[in-house]
Structure formats: C-alpha cells, structure tokens
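These are the structures, in structure tokens.
Below, chain A partners chain B and then partners chain C, in two separate complexes.
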Partner chain A sequence: MADALNARELRQDEWREKLAMFGLSLPALVLVFAIIVVPVGWLFWLSLFNDEGVLSLSNYTRMFDSKSYTRIFITTFKVSILTTVFCVLISYPFSYFLSQLPKRWAAIGLFTVLLPFWTSLLVRTYAWLVVLQRKGLVNEWGIELGLWDQPLKLAHNLNGTLVGMVHIMLPFMVLPLYASMRAINADYVKAASNLGANPTRAFWLVFFPLSLPGLLAGMVVVFVLCLGFFVTPAVLGGGKVIMVSMKIETLIDLFFNFGTASALGVVLMILTLAVLFLAHRLLRLDKILGERGA
Partner chain B sequence: MRINQLLLSGATACAIFFGGTVSADEVTIASWGGSYQEAQSKALFKPVEKALGITIKEESYKGIGQVRTKVAAGSVPWDIIDTGSGGGARGCAEEILIPLDYSMIDTSNFVADTQLSCCVGTIVFATVMAWNTDTYGDNGPQSWADFWDAEKFPGTRAIRGKMHGMLEPALMADGVPADEVYSVLDSEEGINRALDKIRELKPHVAVWWSSGAQHAQLMKDGEVDLSTGWNGRFDVAIADGGNLKYTYSQGLQDYDCFGIPKGAPNPDLAMSVIAEMSKAEYQADIPQYITYGPTNTLAYETGKIDETLAASLPSHPDNASQLLPISQEWYAKWEKMASEMYTDMMTE
Partner chain C sequence: MIKALPIHIQQVVKTYGRIHALDHVDLEIKSGEFLTLLGPSGSGKTTLLMVLAGFTRPDSGSVRFGDREVIRTPPHKRDVGMVFQNYALFPHMTVAGNIGFPLRLRGVQKDDIHQRVEHALSTVQLDGLGDRRIDQLSGGQKQRVALARAIVFEPRILLMDEPLSALDKKLRDHMQIELRRLHEKLGITTVYVTHDQREALTMSDRVAVINHGRLIQCDSPRTIYDYPASPFVANFIGESTLIPVKRSNGNVVLDGQVLKVSGAVPDGRCSLMLRPERLTILPDRRNPDYNVFPGVVEEVVFQGESFVAYAVLESGTHVSMRGISQRETVASLPSRGKAVLLGLHWEETVLIPEANEDAPG
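This part shows the complex of A and B:
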C-alpha cells in the first residue's frame, strides 16, 4: 500500500506525542527511581557485604546453613497463601451477593466491609486477641454453651494469625471483586439461560470467567501485602509464627545487621517476583486481565 | 519598641518554623513506656524538671537498636535513653553512647556492678518465675526445675522469644548450680545443653513473649499458668487485680541504666539531669510506683521506703542473695551466635 501523503506529518505527530507522554510521566518516573529503584539497589548492595564490611556472599550462604531462615520463608509463604485462599472463599460469595443487590443496599454492604478499614490495624489486631484468647469471648461463650469443654487454641498461634490477617485483608479482595462483578452485563447470563444453560452452568461458563480479572487482581494484592506483614503475626502469633519481616526487625534492632537483613529482603523480593511470574505464565494473567493493543 | 517586638516575634516564628532547634533548657528522654515509664515519670522526670527549672519531654522507644539507627542516620532526637544493661554495654562498645562524667554523677553508694562507662544504673530488677494463683494457689514453683516440671505443675507456659535471660534458667533447671551457669554456657555445647532443655519445655509453651507489657498481660488475663518475666511488671499486674505470684528464687539480677546518645541535641544538660536523677531522694520514690530497687543504696535511708516495701525489692539483701547477676561479658561474647541458635530452636 502506498504511503499516505501526510505520512511524514503523521510520523512527526506520533513522535511529538510520544515525547509529550514521556515528559508528562517523567516526574513519576523520577519519583519511582528515587524512592524505589535506588533504595532497593542500595539494599542489594548492602547485602553483599559481611559483618566485617568485606565483599562476600556470606549473607546469602547463611540462609542455607541456618535452618531457621528456610523455615521462616516457608512460614511466610504458607501464611500468605492460606490468607489469600480464605479471603477468596469469604469474599467471592459475599461480593457476588452484593453485586446482585440494588446499588443502595450494596453500598451499605460495602460500608460494612470498609468500616474496619478506618480503624487502626493495631487496634483491630489487639481486639482479635481479646476475642480469641484462652479466656476470651469465644472460648468463654463456647464453654458456657457447652459447645466444647477445654479452651480452644485460637490465639497465639497460626489460627489467630490467620483470623487477624484475613480480616485485615478482606477489603483488598472484596473491592476489586465487587467492581469487576458489577461491570458484568447481566444480559450475558440471561442469554446463557436463554440458550438452555441451567443457573450453575451459566454461572461457571459466563459469570465466573468474566469475574476473573477482579479475582486475580485481588489475589495478587492480598498475597503480596501478606508477605510483608509484621504487626498481626507478631501480636496474634505468640512467637510461633515468625515471618520474614519479623526476622528483619530482629536483625536490625538487636544486631544492626543491615547486610543479612537486606539479603532477606532481596530473597523475599526475588521469590515474590518468581511467584508472580509463575502465576502470570500458568494462569495467563495477561489474557485474563485484558491484552493491551498491539 | 514596636520594631523590637516585631523582630522578636519574627525570630520566634523562625525558631518554630525551623523546628528541631531545641531550646537550651529542654531534654528529651526515651524510655520503655508502660507502667515502668509511668513510675519513672512520677519519681524522676517530673520532680527533676521542677528542681532544675527545665522542661523534660518524654518518648517511648524500643531500645538500643533504635538509638543505633538514629546515630547512623545523624539525627538523634533523644538526650537521654533508658536501656537494659545489655543494651548499655553494646552502646558503650559501639560508641553510640558517650562516656558519662562521673565527677558530676555520684555513684559512690551504688549497688555493685550497676554502672558502665557510658550508662549509669537507675533501677535493679530481676527476671523471675510467676504463677497463676487460680491454678496453683500459693504453692507455685520454687525453682526452675519446678517451672520445667509439667507433671508437678501442669499448665501452659510463656517464655521469652529471645535467648536473653532464658538460657540461664534452662541450665539451672537442668541441675547446674547458679554460680556455674556462665562457665557451662561459655561454649557451644553449653548453649546447646540449655537449648535442649528448652526443647523439652516447648510442648508446654503457649506463648513466646516479646515485651514486659505482654508477659504482665498474659499473667493478668490468665492466658498462661506460668511465665518468666520482670518482677516489677508482675507486681503491677498484681496491683491491677491479677491473680498471680512470683518468687525471687533462682532469679536473674539485672539493671536498667541511663545513657546519652552520640549527637544528642543537649548533652551537657542531659549530664546534669542524669546526675540529679541518680540522687537517693528521687530514686527512693521509684519503688512507690513499681517494685524495682534503687541502684543508689542511700535511697533506703531516706525513710521513704518502708520495711515491707524494702523487703519486696530485688536489691534487698534477702532477695539479692537468691539472684544470679547477669554476666555482660558472656552476652558480649555469645549474644549473636546464641540468638541465631535460639531462633533455630524456636522455629523447629
């Protein structure tokens, strides 16, 4: 096909627009560089020096020599994965229910999810401690009502940590899910029914795939936020749930050991990126989240 | 006149605007918060503020690690910090606390071994075992061997999530006499022996506590039946209506001290404040609010501490004789390694 007569002008225009776009995003790029790339790079740099300030990989090899580091990483991922799973199990039906309600009622429902959001994380965590501990509300009532005889071990362990974290993370799952469910045109489901699908089939074939972008976005946000959790496992875990961030705090606070702490941070970041990359490849996130124009 | 006023208000405005410029008669003290700092505030900070005609600001913080970070960052907001003896020793060794002027601070009547070149003791405390009186009545454990004995004392335990003050009790529970604890601990095998003893106790450990406020709360709420912890915090829990008791038997004697961070805004005044706070007349008031013993023994002669109260304090001779003083030399040598090994044991 012959070039359009104004091809030169068009190219110039395109070039100019690209430049303008770049200029507009420059402040943000500088900011990202200054507050993310530089500090992360610096952390990486610090992690390459041992206690004596000599260049070495000892901060990384230590993680393989000392068993606790591996266990701490496993705990971190286990807690994050479990929290994400429970968040999905609770949020999906709840968001679905809200998305089927008239907007005004849905707003009230959303409000109940967001309400705890405005309370300090620390307050919510300690509140759970009061509710879940050995002589807490749940155990007192449960024993009073004869549901169980011995106090259940609800706090100061993995159970308590999960309850607290799921509660804190719920809004991060509900909001994207609800938004993507609201955007689904109800006519699609009706069309499926019209074509003979029973409600279950219509849901799985039409509604569920369309809600996936919100679900996956929520899962990624919840999972990644969980990896860096500190307060909730520290208060509700009773010293039995030790996550990477807590180990980093000990290393800095007690020993001022930025090298090992940085190495932990770097490994956590790499593992997180690896998990996201795998999820991306296996679940074809790009397809689900909508491909960008070529 | 007008112009002078204008200039003055302008200067004041500048001073406020460029905050961080500290007035000459103000010091900021960082301590541990909770019932301990409340006691310090009433016994030391407020009265000294009045006596010297200065302003003392209070903050709470998390220990020497934070001082280190602030010194490294070159912005130190605190003139005086209250730290454990271990933190004080580390602060001295790393030169993040400045040497104290002992010609100003009179420590001639201090309890032995309660001062360092850059940290002067303020209270003596003890790491002890406490028990829930609803569970065991008055007949609680009287030795670490008892504390470890789950048949004699069935119930849940809380112990510290750090090795500090945990390895010594473990060895005593394993039959090592108090005066041999540190020589046994002075090797990797010795540390492992202590850790193995804690492994034995692990099934009964409900909580690994991380702060004084936490172990006091755990005992007060009846969340655990037995706990290690600091005597003053337990006394506050008892005063708050908690059903618990503790014994000084086989406890560990330790102290808290005041130091001045390198780069403090007002180090000279801080020195005077520390000198004043070390006097017996102020120290004698601390036990009225929390049962920690004064480091200045003259405090017992001020008449402010009555017989029964004195007998309950860790620095009282009857109690001190049951306690094993913490060895700073051991901590300086083994702290890092033992801490890693402790975390290994905890996460198993």
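This part shows the complex of A and C:
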C-alpha cells in the first residue's frame, strides 16, 4: 500500500530532528558520565575491598561496629541540623523584611547577602578565625569593654564551626526564601485581614504556609551542603568537630586507606539521598495537607 | 436577611505626593443600596474602596458604618466582606477552607462552619465543590467562591473591586445579572468599583462618577445617562457629541436655530448633548416635536445588531447616529454623500453645563 502524501519524508524529517537533538546533548552526557558516574562507581567498587585487597563488606561492618564512626556521623548530622536551624532563624525574618521592601531596596539587601558569596571560602573561614579566636577581635573588645574577664572559647570548637558555617550557608537559605516570599501576592494577606485575621494570624495562617516551599527548599540545600562540608569545620573546629568529610580526608591522606574512605563516602551519599527523598516526600505532604484546607 | 448598614463618607482626603487621589469626597450610601463607583483608571475609585476596607489610610476625613466611626479601625475589625479584583483565594486551602476561613477566625464551631459553608456554596450555585483545590476552578467558579467567602460571615457591607474584569464577556454579562439577584436576596449594602460604564448602569441603584479624586455626580443610572451633570460624565457614560450653544433673548440657539429643550437650562456656558441612538432620520421638517439638524452622510457602518451613520452637520460638526438593524430602519438609510435630516426629540434635547469641575485640581 502506498504511503499517504509525503508521509515518509515527514517521518524522516522528524527522525533527523531527534537525531540532531541527541547529537547536541551528547557532549554533556559524556561529560556527566566521565566525571560523575565513573568516579562514583569506582569509589563504590573500592569500598568493597578490605585492607588485604580481598572482596568483603568489612569496610561497612566496621562503620557499624566502631563507636568512633557512629560519633562522626552523629556530629555531622548535629552540625548540619544546627546550622540549618540557625540559618532559618536568621534568614526568615531577614527575607521577610526584604520581601516587603520596594524592589530596589531589596536588591541592595540581597547584594549584601551575596557579597561574601563572591569571596573565597577559605578567606572567609580564616577571617572568622581571626575574629573568634582566643586573642581575636571579639574577645579583645569584650574584655576591653569589661563584658567578660576570661577569653571566651569561640573558635576551635562547635561554636566557631557553627558561626562560620551559618555565615557561609546564609545565601543558600535567603535566596529561595526571598524568591518564594516575593511571589506571594500581597492581596492574600489583605484578604486574610479583611476576613478578620489580625496581623499575627494573617501571617501564620496565610503568609507562612505560602512561604513554605521556599523555606523547605532552602533547608534542604543548606542541610545537604552541610553534610559534605570540609573547610570550615576543619579550620574553625580545631580538630574537635570531626565530620565525615574530614574523616575521609584523614583516612586517605594519613593512612592511604581508600577502601574505608570510599565506604564512608558511599554511606554519606546514601544518607544524603535519603534526606533528599524525605524532603521530597515532605514537600508533597505539605501540598496534600494544604489541600485538606487546614 | 442580613441587616444592612448605611455608609457615611465625609470630607475624605488622600494625597500621594502632590496628587489628590481623593479630594474632599462626600458620599452617603444608603442602607441596602447597590452603589457603583465609576471612573477611569487612576480616578481614585479604587482608593476610595480601599479606604472603606481599611487598607488605605486617608489624610483626613470620616467614614462611618451606621453610627460607628471606622476611619481608624484596622481592616480585620471592620467586618466588611470584600471581593478582590483577582479574587485573592488562598491557594493552599480548598474551596471549603477558603469559605470557612472567616468563620474559623470568628471561633465558629466545626459543624456549624461546615453547615454555613455548604449553605454559602449553594447560594453561589457551587454545591459539592467544597473539596476542590483553587487551581482546579474556572474563572467563573473562582469568582463565585470569592463571593461566597465574602458573604459567609454575614457582613453588613460588601465591597467589590472590579470583580468581573477577569471574566470573558459572556460570563461577565451572566454574572452581572447574578450578582444583582444575589444583592436583592441578601439586601446587603454593596459598594462596587468598575471602569465599565455599561456594567455600572446594568447593576447599580446609584452610580457615583469619580474623576481626579472628586465625586462628580451620584445619581440613578437613568439620571446619570439622561442628564449628565458635566461634559466628562456625558462623554464617559455612553457615547456623545457635545456642541456648544449660544443664548439669545432667553432662548438657546444652535446654528441659527432655536432649540426646543427639555428640563431647565443651566446657567453659564453650556453644550447640547447628541447621543447617537437618540438621533433619528426624519423624512421632512414637519414634526414639531423634533429639533432638526441637516447634514451630509459620510459613512454608514454595519455593526451587527446596529448600524452607525456618520454625518457632518452644516456647521461642520461631525456627529454619529445609531439605529438598530431592522428591516425598516435599514431601508430608510441614506447612502454616502446624500443629504439627511437628523432629528432629536425635544424631550431628549439636554443641555450640559460646561462646568470647570472636570479640570484637574
């Protein structure tokens, strides 16, 4: 049976277009494969060999047997959770304030948040060390002004780590929060007050739920970034705050133990994915809750 | 039936920099009345509505709902229903959640809320849609939900800010009638803002025309249309051509012709208002009830339900005349370039004072 008018040619054109699209995305695909899929797979492969180079799960079992590893994971999550919480506490009011400003003023505010973003991470971290250490700015001024007698322990511990990490993570929280708050039509809050909600209730019943997507997005980004953070806890923690990334560094640098290091990396990755998955479920749950009319 | 309240607006002033958004507005809105604030964009009509809702703080003046002075009352304590231009339905709540919101804030019992929400839904003919998400609704349905939410807590005053402007024409026409019917059923004092003069005329008990922050005329739709108080009102509501007239010996004269006029002749300079649909084509000058304006037809345009003939009078004034598309009228239409006698019945011959109130203050 003969084809319909030009049907074969039109089909060929469509194929040609699809092929061209695939060709265009091929370099990116190759790159992703080469720098993400291959190394991760290789790490996973390495983690399956014990110190004698025999195939075994000992790298993983050790993690669950040894208390020190458990402690490292607990520290990692503690630091990440605390950093996220402080970021929320600082960013939410700040973003809210910015979102109520005229756009031009808000842009200036955002600029001040982003400014540190463009300086080196290492420089910022050492700057905090200068500010927070035993004979740092804060302690010198505090003692000078008679606010306290003995230098406070602000650096080389959890405090210092948190200050540095919160500062570095702030933009990741402020940006999505600000964006989602800007998107909230001012009429919603007006409508709430017209219907009888005082400012507090209008905020909690209308503004806050509508800002949740931005808040959750910011929390996920900050939390996940914290999980794998290295420089800041290493410098400001003074060896007292050991996170997974730091343990990996020691294992490789000091003991040349790729197997255990890889296993740690794999577990951290799985935990991160689990968090992302949970967050995803939570976000959807939030939507479902919203549908119920709350 | 809700017990409605009158609204007394006195000397309300609101300035933005050097612009008078509201310039000493006085307005008495009767209990249970449907009053429309009509004006072009930027005229101050929305500002006045926002003052009533409590979202805009005026510089001075007084607003009373019944006996209660509310000028300093925050919006959440005013107890007025409001339908926003884009509905402002909360996207994170269902239809029932939205409508129940004002009841929840007032501490109404759960079962009671449910019942009243159902009742409100049936009032706006949306029975059974309570569980829908807002983004699952059509424009017309959103409109109804917004209305239900504004009346469910039985406010004594209802404010509406161009509520139909987002709907297509057919639906808008339908909703106009429905809103009007609902108003009759509830008897609630309603203040409605629109820039659509036809909508204002269709729905209102009275229309308040606002321009440059000033109240220019507040009257029934018929009075506003038939006897506009100023050239602005004449031009803004309906179509009209204004032709300046002269005075001589107490008579009003146009192109040497003494006009037979309805109503009182205003003092000072004034103009004759020619509305296209009020003009007719006369066969001769014999009928004494008509003022006759001879002219020449320039163009005849067919517009479906009506046609428009453009003509130029002997004085050089361009006027238009509208007739319905009906066999007889169409048959009597002169063709382009032909002389024609345009007639205006003396009862519809209205003079408009050339007031200076239209000038920006």
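Just so it is clear, the second predicted complex is superposed on the first by the 244 of 294 C-alpha atoms of A that agree within 3 Å, B and C clash if a C-alpha of one lies under 4 Å from a C-alpha of the other, contacts with A are read in each partner's own complex, and residues count from 1 in each chain.
Everything below uses one rule, namely that contacts are C-beta pairs under 8 Å (C-beta built on N, C-alpha and C of every residue); 3 or more make two chains touch, one makes a residue touch a chain.
Not measured: the values here are computed from a predicted model.
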Using the touch definition from the top, say if A:206 reaches chain B (first), chain C (second), both or neither. second
So, A:254: does it touch chain B (first), chain C (second), both, or neither? first
First, second, both or neither for A:238, with chain B first and chain C second: first
Given the touch rule stated above, what does A:134 touch, chain B (first), chain C (second), both, or neither? first
After lining up the shared chain so the two structures overlap, which partner does A:275 touch, if you call chain B first and chain C second: first, second, both or neither? neither
Interface residues of chain A shared between complexes with chain B and chain C: none
Enumerate the contact residues on chain C facing chain A in the complex. 53-55, 74-82, 84-86, 88-94, 96-98, 100-102, 105-106, 133, 149, 153
Inside the complex, what are the residues of chain A that reach chain B? 66-68, 71-72, 75, 133-135, 153, 156, 234, 238-240, 242, 247, 250, 252-256
In their shared complex, at which residues does chain B touch chain A? 62-63, 65-66, 68-69, 72, 94, 156, 161-162, 206-210, 221-224, 336, 339-340, 343-344, 346-348
Across the complex, what residues on chain A touch chain C? 185, 187-188, 190-199, 201-202, 205-206, 209-210, 290-294
